[in-house]
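Each chain carries a letter (A, B and C) given by its place in the written order, and its residues are counted from 1.
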Amino acid sequence: MTDPILQIDAVSKRFTRSPGVLLKGLDRLTGRDSSQTVHAVTDVSLSVPRGEVLGIVGESGCGKSTLGRIVSGIYTPSAGKVTLDGDPVARDSRGNVDKLTTRVQMIHQDPFASLNPRMKVGEIIAEGPRIHGLIPAKDVQSKVRALLEQVGLEGAYANRLPHQFSGGQRQRVAIARALAMQPELLVLDEAVASLDVSIQAQVLNLFMDLRKQLDLTALFISHDLSVVRHVCDRVAIMYLGRVVETAPANQLYEKPLHPYTSALFGSVPTLGTGRARFQPIKGEIPSPINPPKGCAFHPRCPLAGPRCRVEVPRVVNASSERSVACHIQDGGTGAENEAAA
Amino acid sequence: MPEVTMENTMVVPSAPPEETRAERLRNFWSDYCQSWVAVLALAVIAVLLFVSFGASLVSPQDPYDMAALDWLDAFLRPGTEGSGGYVHILGTDNAGRDMLSAIFYGLRTSLMIGLSAGALALLVGISVGLTAAYFGGRVEGLLMRIVDLQLSMPAILLALVLVAMLGQGISQIILALVVAQYAYFARTTHGAAKVERGKDYIEAARSTPLPTRRVLFRHLLPNVLPPLIVVATVQVASAIALEATLSFLGVGLPLTEPSLGSLISNGFKYIHSDRYWLSIYPGLALMVTVVAINLVGDQVRTVLDPRNSR
Amino acid sequence: MTVALEVKGLTTQFGTRNGAVTAVNDVSFSVQSGRIMGLVGESGSGKSVTGFSIMGLIDEPGRITDGQVLVQGTNMRDLKPDAQRSMRGRNVAMVFQDPMMTLNPVLRVGDQMAMAVRVHEKVSKSAAWDRAREALEIVGIPAAGERLQAYPHQLSGGMRQRVAIATALLHRPAVIIADEPTTALDVSIQGQILAEVRRLVDETGTAIVWVTHDLAVVSSLADDIAVMYAGRIVESGTAAEVIASPRHPYTRGLIDSVPGLHEPGQKLPQIPGSTPQLANLPSGCPFRPRCPRATEICATQPPHSGTDAHSVLCHHPLEAS
């Protein structure tokens, strides 16, 4: 196994909305606290070896997009650190964006929002490398053409504006823009979620081709279990800010260990199985402002025991390649003792 | 460069429709022409621009040239022939000035003040609004509270106070108008920039990373300009009206350097002695100008509104 | 089995700068009571416009130019606007992708639902509230009485969509048109709603037209499927048939594009090109430029072939298995 290129080390991110002046004054009088803290990401550690595509899967509010933005350096973590080959990706201490690394590039979900509507796609692609001096000025034109062709568009499209392209084509432009920076790590945030099925297949194929050609390392953030299974080597499942299970994709889909993972698989409709009997997870996704005590999944978990309600489960290694954060894998939920007593 | 795989190239079926800048302009124009009133207003503005900035070419007389004025020509009724040997279509004033010429020259001053005050206010407003929206936090709080404070005061009051402090003269008036009006631009810029700031393309630019200056001026600014164009037209019209008000109140420009406002103010003195043309015609000119600019601004807003796009 | 909804030759056009564009083109299908029909298509295929056209909710510059919409045998398009309005909500109701489109943010859920009851029926306010509570209980909302007191923003996305479905069910309509109702929801919540909808249809006998882009959802929920492409239904039949042995090359390509069915890491079979612009359709079969089976004859309008249980609009359909 090669050394990890990306190391995410006990990273947390909290967003605090401080109340306005009036509310603050009121708080002082009444002794309340009106500030709200969203625990978007809590104590996440992951490492990604060079050449691996790691899938990050979860439902809304699980913190997967926040994690992606921390890795891209857009957010500074509240605790912990992210390093790329040992160097921090984050800004300097004063929050200076200009000091961000160029070695991580991000591809956003909505290609209609991620391209500046008033710049030609050629400029969009060339801007980053030109400013950072990655390509000599005289080669810019030919490089842009080459990149466009590499993502399956015609080089002549460089002079067009984003609105002249379809969603799939725009996403190709966004990929070309990221590749132009010669990144060592790509962060794809729901990069195919807004595309039609037939276009999604094209873009996934393109991604897999590019991956082979360029030996890309990537974080592939998605809510779509079948897409993740298709393109990722390893998958991390997130729930309410924490990674609950990490495993190689084939093992995870064969035998999920965490009750949330198996419940998730149970509620996804799949093609070709005919009219399914759904076994949906009961209950709602709790709010990350006030996550449940103990294991965050316990209110919805069919296997929860007394220990789950009070103690946050540790991340334990289930095998050399898998880890899971569940009391069942770590000494039991306490329900066994209850039954015995 | 690795070779391109055939399946990934989308060559034939759906080349994006090539829409050139010229074509978009043509579409804009055909949408604009949906309203004949707006087209008429645009034509009126064209005429006004021509007669004002070409005043020295089209006016029968140079109203600034004291030597050309004849006291005997004072208060001639519209349509009378004066000592110069030509007909004063709109009559003459108390100094024997040809009213038509005075209006052309006055219009020039008014438009010049309106346009430069509008342009400067736009610049200041954009700077304030962009800075506030991009940096957020305390900077935003402070700047936008100042703007709010100013918006809560009538512009005319603020301008009056400023002119009283700064003294008379074109540049003083322009400065007063800029201070009184930049807040509208700042508010609009701030609102639009706040929306654009949250969009992914800004995040993409920031995370590339591109220098802050570039994100501000190459990415954010061009995308907040369209709503500002509309505000700008309306503000130019209101700057002209404001200036006229100041001059009418006697704190604006002297009659030796007349704007429409000073002409109206001067003529107002004689309105009770049946010499209506001294004030009515400059007043009409002012009204036509302001209404025409507003109509154009309205139609531009309608055309640019994405909800009306087809 | 009674036919709850029958659509015949429905055609909807939109006026644009460059002339009329046909968004829904000669669409015909029928749905029986107690069945769910999945209307599947990609963006721009006209699936949502079809749903809105059935409801009669097409605004300028759009216009329904032809066809019939028969709800329990009554042609909606023959009715006066008043009569149409009274059918809407009572005989045919709609559920939107974003429930906030129908929920008023400043009114309590209960008030809105009670109002929806009293629009069509003369009952007392308290009776209407009771009806609303029953409806919420039917769609499986716990503590229904409390939810009625809540404002829409106090509910989660999944809960709001349940409220929207409950509201649509208030008058036990013959037909519900559901436009991408679970697309914005999380998988676990979507699973809950799909299970609930299936149960409701089996119990109440309402017919549902489920408009979606998601083949997987349709294959596990629907009884019948109609696949739309560029404004036309190109293939229709029972869900099991269409998914297991699609006959139109487009349907085949669409099903093959879904990643779940393939060995991980393998290249996905893909349909080349992208969905055509409605303003600029090729003559004959609109799928022709992307189709691997296309020949010269495809430049002419393809015929319907197959049976009522599985019909296809293609010159060269794949073999029925």
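Just so it is clear, a residue touches a chain if its C-beta (ideal position, glycine included) is under 8 Å from a C-beta of that chain, and two chains touch if they have at least 3 such contacts.
In this text, all values refer to a predicted model and were calculated from it rather than measured experimentally.
*Asks:* Can you tell me which chain lies farthest from chain C, using the average of the Cα atoms as each chain's centre?
*Replies:* When every chain centre is compared against chain C, the largest gap points to B.
*Asks:* Using the stated contact rule, I'd like to know whether A-C or A-B comes out ahead in C-beta pair count.
*Replies:* When A-B is set beside A-C, the one with more contacts is A-C.
*Asks:* Could you put a whole-Å number on the gap between the CA centroids of chain B and chain C?
*Replies:* 51
*Asks:* With centres defined as the mean C-alpha position, give me the chain A-chain C separation in Å.
*Replies:* A distance of 32 Å separates the two centres.
*Asks:* From the mean C-alpha coordinate of chain A to that of chain B, what's the distance rounded to whole Å?
*Replies:* 49
*Asks:* Any chance you could list the residues of chain A touching two or more other chains?
*Replies:* 166, 168-169, 202, 205
*Asks:* Taking each residue of chain C in turn, which ones touch at least two of the other chains?
*Replies:* 267, 270, 272, 274-275
*Asks:* So which bits of chain B are touching at least two other chains?
*Replies:* If we look for residues of chain B contacting two or more partner chains, we find 7, 10, 14, 17.
*Asks:* Provide the residue numbers of chain B that touch chain A in the complex, in ascending order.
*Replies:* 1-2, 4-5, 7-11, 14-19, 199-201, 203-212, 214, 218-219, 222-223
*Asks:* Quick one: which bits of chain C touch chain A in the complex? Just the residue numbers, please.
*Replies:* Touching chain A: residues 42-43, 156, 158-159, 186-192, 194-195, 198, 213-217, 219-221, 223, 239-240, 243-244, 253-262, 264-265, 267-272, 274-275 of chain C.
*Asks:* Which chain A residues qualify as touching chain C in the complex?
*Replies:* Result: residues 59-60, 166-169, 196-202, 204-205, 208, 223, 225-227, 229-231, 249-250, 263-264, 266-276, 278-282, 284-285 of chain A touch chain C.
*Asks:* Can you check the complex and tell me which residues of chain A touch chain B?
*Replies:* 72-74, 97-100, 102, 104-106, 108-110, 113-119, 127-128, 131, 146, 149-154, 157, 160-161, 164-166, 168-169, 174, 177, 181, 202, 205-206, 209, 213-214
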